[in-house]
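Per-chain residue numbering starts at 1, and chain names A, B, C and D are given in the order in which the chains are listed.
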Amino acid sequence: MTQVQWQGVFPALTTKFTAADEIDWESMERHLEFQLDAGVHGLIILGSLGENSTLSAAEKLAMVKFFARAERRGLPLITTIAESSTRDAREFAVAAEEAGTDGFMLLPPMRYPSDRRETLTFLHDVAAVTSRPIMLYNNPIAYGTDLTPDDFARLADNPRFEAIKESAADTRRFPEIRRRVGDRFALFCGVDDIALECFAVGAVGWVAGLVVAFPRETVRIWELCQAGRIVEARELYDWFLPLLHLDIGPKFVQQIKLVEALMGVGSAKVRAPRLQLTEAEATRVEKILADALEQRPVV
Amino acid sequence: MTQVQWQGVFPALTTKFTAADEIDWESMERHLEFQLDAGVHGLIILGSLGENSTLSAAEKLAMVKFFARAERRGLPLITTIAESSTRDAREFAVAAEEAGTDGFMLLPPMRYPSDRRETLTFLHDVAAVTSRPIMLYNNPIAYGTDLTPDDFARLADNPRFEAIKESAADTRRFPEIRRRVGDRFALFCGVDDIALECFAVGAVGWVAGLVVAFPRETVRIWELCQAGRIVEARELYDWFLPLLHLDIGPKFVQQIKLVEALMGVGSAKVRAPRLQLTEAEATRVEKILADALEQRPVV
Amino acid sequence: MTQVQWQGVFPALTTKFTAADEIDWESMERHLEFQLDAGVHGLIILGSLGENSTLSAAEKLAMVKFFARAERRGLPLITTIAESSTRDAREFAVAAEEAGTDGFMLLPPMRYPSDRRETLTFLHDVAAVTSRPIMLYNNPIAYGTDLTPDDFARLADNPRFEAIKESAADTRRFPEIRRRVGDRFALFCGVDDIALECFAVGAVGWVAGLVVAFPRETVRIWELCQAGRIVEARELYDWFLPLLHLDIGPKFVQQIKLVEALMGVGSAKVRAPRLQLTEAEATRVEKILADALEQRPVV
Amino acid sequence: MTQVQWQGVFPALTTKFTAADEIDWESMERHLEFQLDAGVHGLIILGSLGENSTLSAAEKLAMVKFFARAERRGLPLITTIAESSTRDAREFAVAAEEAGTDGFMLLPPMRYPSDRRETLTFLHDVAAVTSRPIMLYNNPIAYGTDLTPDDFARLADNPRFEAIKESAADTRRFPEIRRRVGDRFALFCGVDDIALECFAVGAVGWVAGLVVAFPRETVRIWELCQAGRIVEARELYDWFLPLLHLDIGPKFVQQIKLVEALMGVGSAKVRAPRLQLTEAEATRVEKILADALEQRPVV
């Protein structure tokens, strides 16, 4: 296996639905083009933002196949695994690898607050059925289970695990992981509105949300930070922040999809039990977007 | 539709697995007999204690069919609905009704922290596809979403909703629901180790956990409380409490299944990502059980 | 030392202030009379409800002296110790004993989240300077530090500690303390709106809040529970509950003082940084009180 | 009033005690010299790290007088106000100004979880009695009350409030305050182990803890960040981090004082209810310090 070199901006793509609540492949295709043109560095499908929890196994596999066959200009395709049983997670990993995914983003078990022993067993058991590289995804706020720097140190022995998406919203995790295992893992920021801080303490990548509507700005911030041009990065970031905050909270899917719709690069349609935003909620998002567009810098 | 009369002790049955990780139907049958002999008043399948999150749709339906056909001596069969998408929840409700369930225990959406509007929409949308009575199940500690007394007041208009299993572990909920809608709902305690308190403030039923190993004691406590014999009830309850505490915490399934195994009425086998208890964890449970058996009162 | 026999209803008295923000002794005297006439069983001064944190050392001592000299018809006077430094707590204990208090209610250190070793050391160090009986007060919700049943088991060796006021709002604590040390401590409920549940699991006393405005009803509920007449108790308790809820939350002092004022047995005046309720907040309390008075049962 | 220009590293000084539990003035004097020699930019006394909650009013005033008279090479002396009653806070502010403090660090009320209206009233009421500039101190983790960016926007009208010490441990607060009121306030990081991130998002100062033992390193990190040399800053910061983590948690005072003692610049003595670290706790700190010293870079 060649060592993967994941870094940069990896959009967590939304799943577009038709009026009949089926996946809208045409819209997915247009969106892929839009992201590629902006210079993103990888693609993540079926994540939280992709409404993973409402997709059937068949739909998930269809997504993998679609992206695997699509022209991606060399970008890695990363497929999210978020399942409640070890059996389902393994079966999906095998099927997605066959369908052509380049790698995985792997979450701890859904719906069960597994302890350390159970969580690590689960992660190893899923990794065992694939030869693809895996980005471990830590999001204790949304999913309950917390992968600590100590856990990552233990997981470092498994060569499948190449990267970490850190969404604990605690920037201290980045230096703490590095202290334990150096540069063993490619560290990705997973929370849009603390990205600048994550880069300051050494993140090399950004699994981004608002990128789906504003890919150029997202990529530019990452580039400036990598170049050590933090003051310029902050200027752009400060402009972007009110939008980046929309990546936070239970309704981040609805909020980001509304921004996509308003920017003409997607639809606000979500799948139940999610409902579209109320008028008041939508108006707030529209206001934030309008304010941002008024002052949008040239990138 | 005749008004249902749910009250009393309703065991939340565990799902027994064979060594090959398939459902152990023979064991399920023996266990059903054991519960019926002890005088329980209803049967709940596929709950949290039944490892709902690791069962496939086909397995869940097979469970419903099995219990629907079983001799239940007139006891109502209640099937748990715990799904991530509205579509899956509705499809399962329809299939389970066809398969012969008498009613449902319905949870808010899994994996998505829906707001009030979304939660209520979900509950009504699922109720709309069935003619069976529904017990609403509130467990914000395990599942994040909280159904408040105000929410239940709004849900009172839907005649499908007959009962409430309250697992917020806040006994104040019982009088608060009654204050809003009187005796509109049959109120069930859903937390083993505050059952006595729940009966003190008016619960008429108990969706119980340790009942799977100690059904006679569980039924007796309920009977004494209904008869206003609180001091006698407390004596038995105090004896039972160290065991009832095993119904609490992330590993309540493993703990209760171990007690079943040690009592010869089930197996400790759980399905991954759950793992069986470590030796230290198991020893603690064994000690609690041994202490309880030493002082077991005659019921 | 004679064994104390604390049980029954112990009001946590409010501290009345004049327009000039001094203690209103006349009002305190009238209030004492009102409580005694209703048949309460003990008196607690300088508690949270007594605005302890805003009183100077001199004012606190003046309160002790006032109540020590007052005709109390044999009821025990219990003085709250809530200090930030061990030195201050000890000095106050010595002074209050000299001033004539019959006993103490003792909180863990204020403003410092002491660990178990520090908390127990503090409690023993304060107890060491007095010969009076002490009620330990556990309120992790308001004060951060939690005294667990295990802690109380360790504290049982110290003969100064006679009673426990449990305000963890977790009724499980009562049977758990009894399991460890039997009837070593007189157990008091410290949360008005779970009092009935506390009595169901064995509390023998009630450090009460709304009693300051409704002493007869409070005493009656306690008496009915002691007599095992739980159904009658629940009827009265259900009526009382909307008022008892006012004992909860950051503004319980303002809420209870407003009820006192509206009932003509006190004033709504609080000391800064507390401010009197806003109009909206006050209206809510007035409505709750009006509704309750409309249906007030004869006791 | 001249506009103050607070920025840079402001140590939160510990209070040194003698064996007889009195303030150790000689030790305070030596420590002041040590800090001045390292090039810090301001001095804060009587903070949380200074064991404010265990000092008497007389001791606090003696501290102010001592530092007011000391040779401080032009550095501003900032005195912490952390009181439970508005009256005490105002009286102390007046006395400390008379005693010669240059400014204040002001906390919301202690021991009472005031709401927004009460908190803002308290802060304005205290500010009203002094002509000195004030640094508002937000630490919801330790003290419960949270001053949000919206609150700071409201407080911007009061010219007394010059600076903010942000200890919410949420770096998002910095850009959010700037968005609302631009550079109205000098923004200080108040949490040692997220300092680098705070500077990345625009903090101009650091109310520091470990600085009391490592002032040169602390100052150097700040200087590098101000110069935009984030990569060099990160190298030094990564070395410092295990020590900086000692600024976190309930025992940060004991931990930092132990480091001071081991470095020969202070004593580990704390005042009760705080107890010195247990042997196990101390060993952990000693190990962290030994590891750091082994790799200590030349600054």
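The rule is short, and it goes like this: contacts are C-beta pairs under 8 Å (C-beta built on N, C-alpha and C of every residue); 3 or more make two chains touch, one makes a residue touch a chain.
What you see is a predicted model, and the numbers here were worked out from it, not measured in a lab.
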item: Steps in the shortest chain-to-chain touch route ending at chain C and beginning at chain A; value: 2
item: Graph distance between chain B and chain C, where chains that touch are linked; value: 1
item: Centroid-based (C-alpha) most distant chain relative to chain C; value: A
item: Gap in Å, rounded to a whole number, between the CA centres of chain D and chain A; value: 38
item: Length of the line joining the C-alpha centres of chain B and chain D, rounded to whole Å; value: 52
item: Of all residues in chain D, the ones touching two or more other chains; value: none
item: Touch-based graph of the chains, sorted into line, ring, star, complete or other; value: ring
item: Interchain contacts, given as pairs of chains that touch; value: A-B, A-D, B-C, C-D
item: Complex contacts: residues of chain D adjacent to chain A; value: 171-172, 175-176, 178-179, 193-194, 196-197, 199-202, 228, 230-231, 234, 237-238, 241-242, 245
item: Touching residues on chain B, where the partner in the complex is chain A; value: 21, 53-56, 84-88, 108-115, 117-119, 121-122, 125, 250-251, 271-275, 278
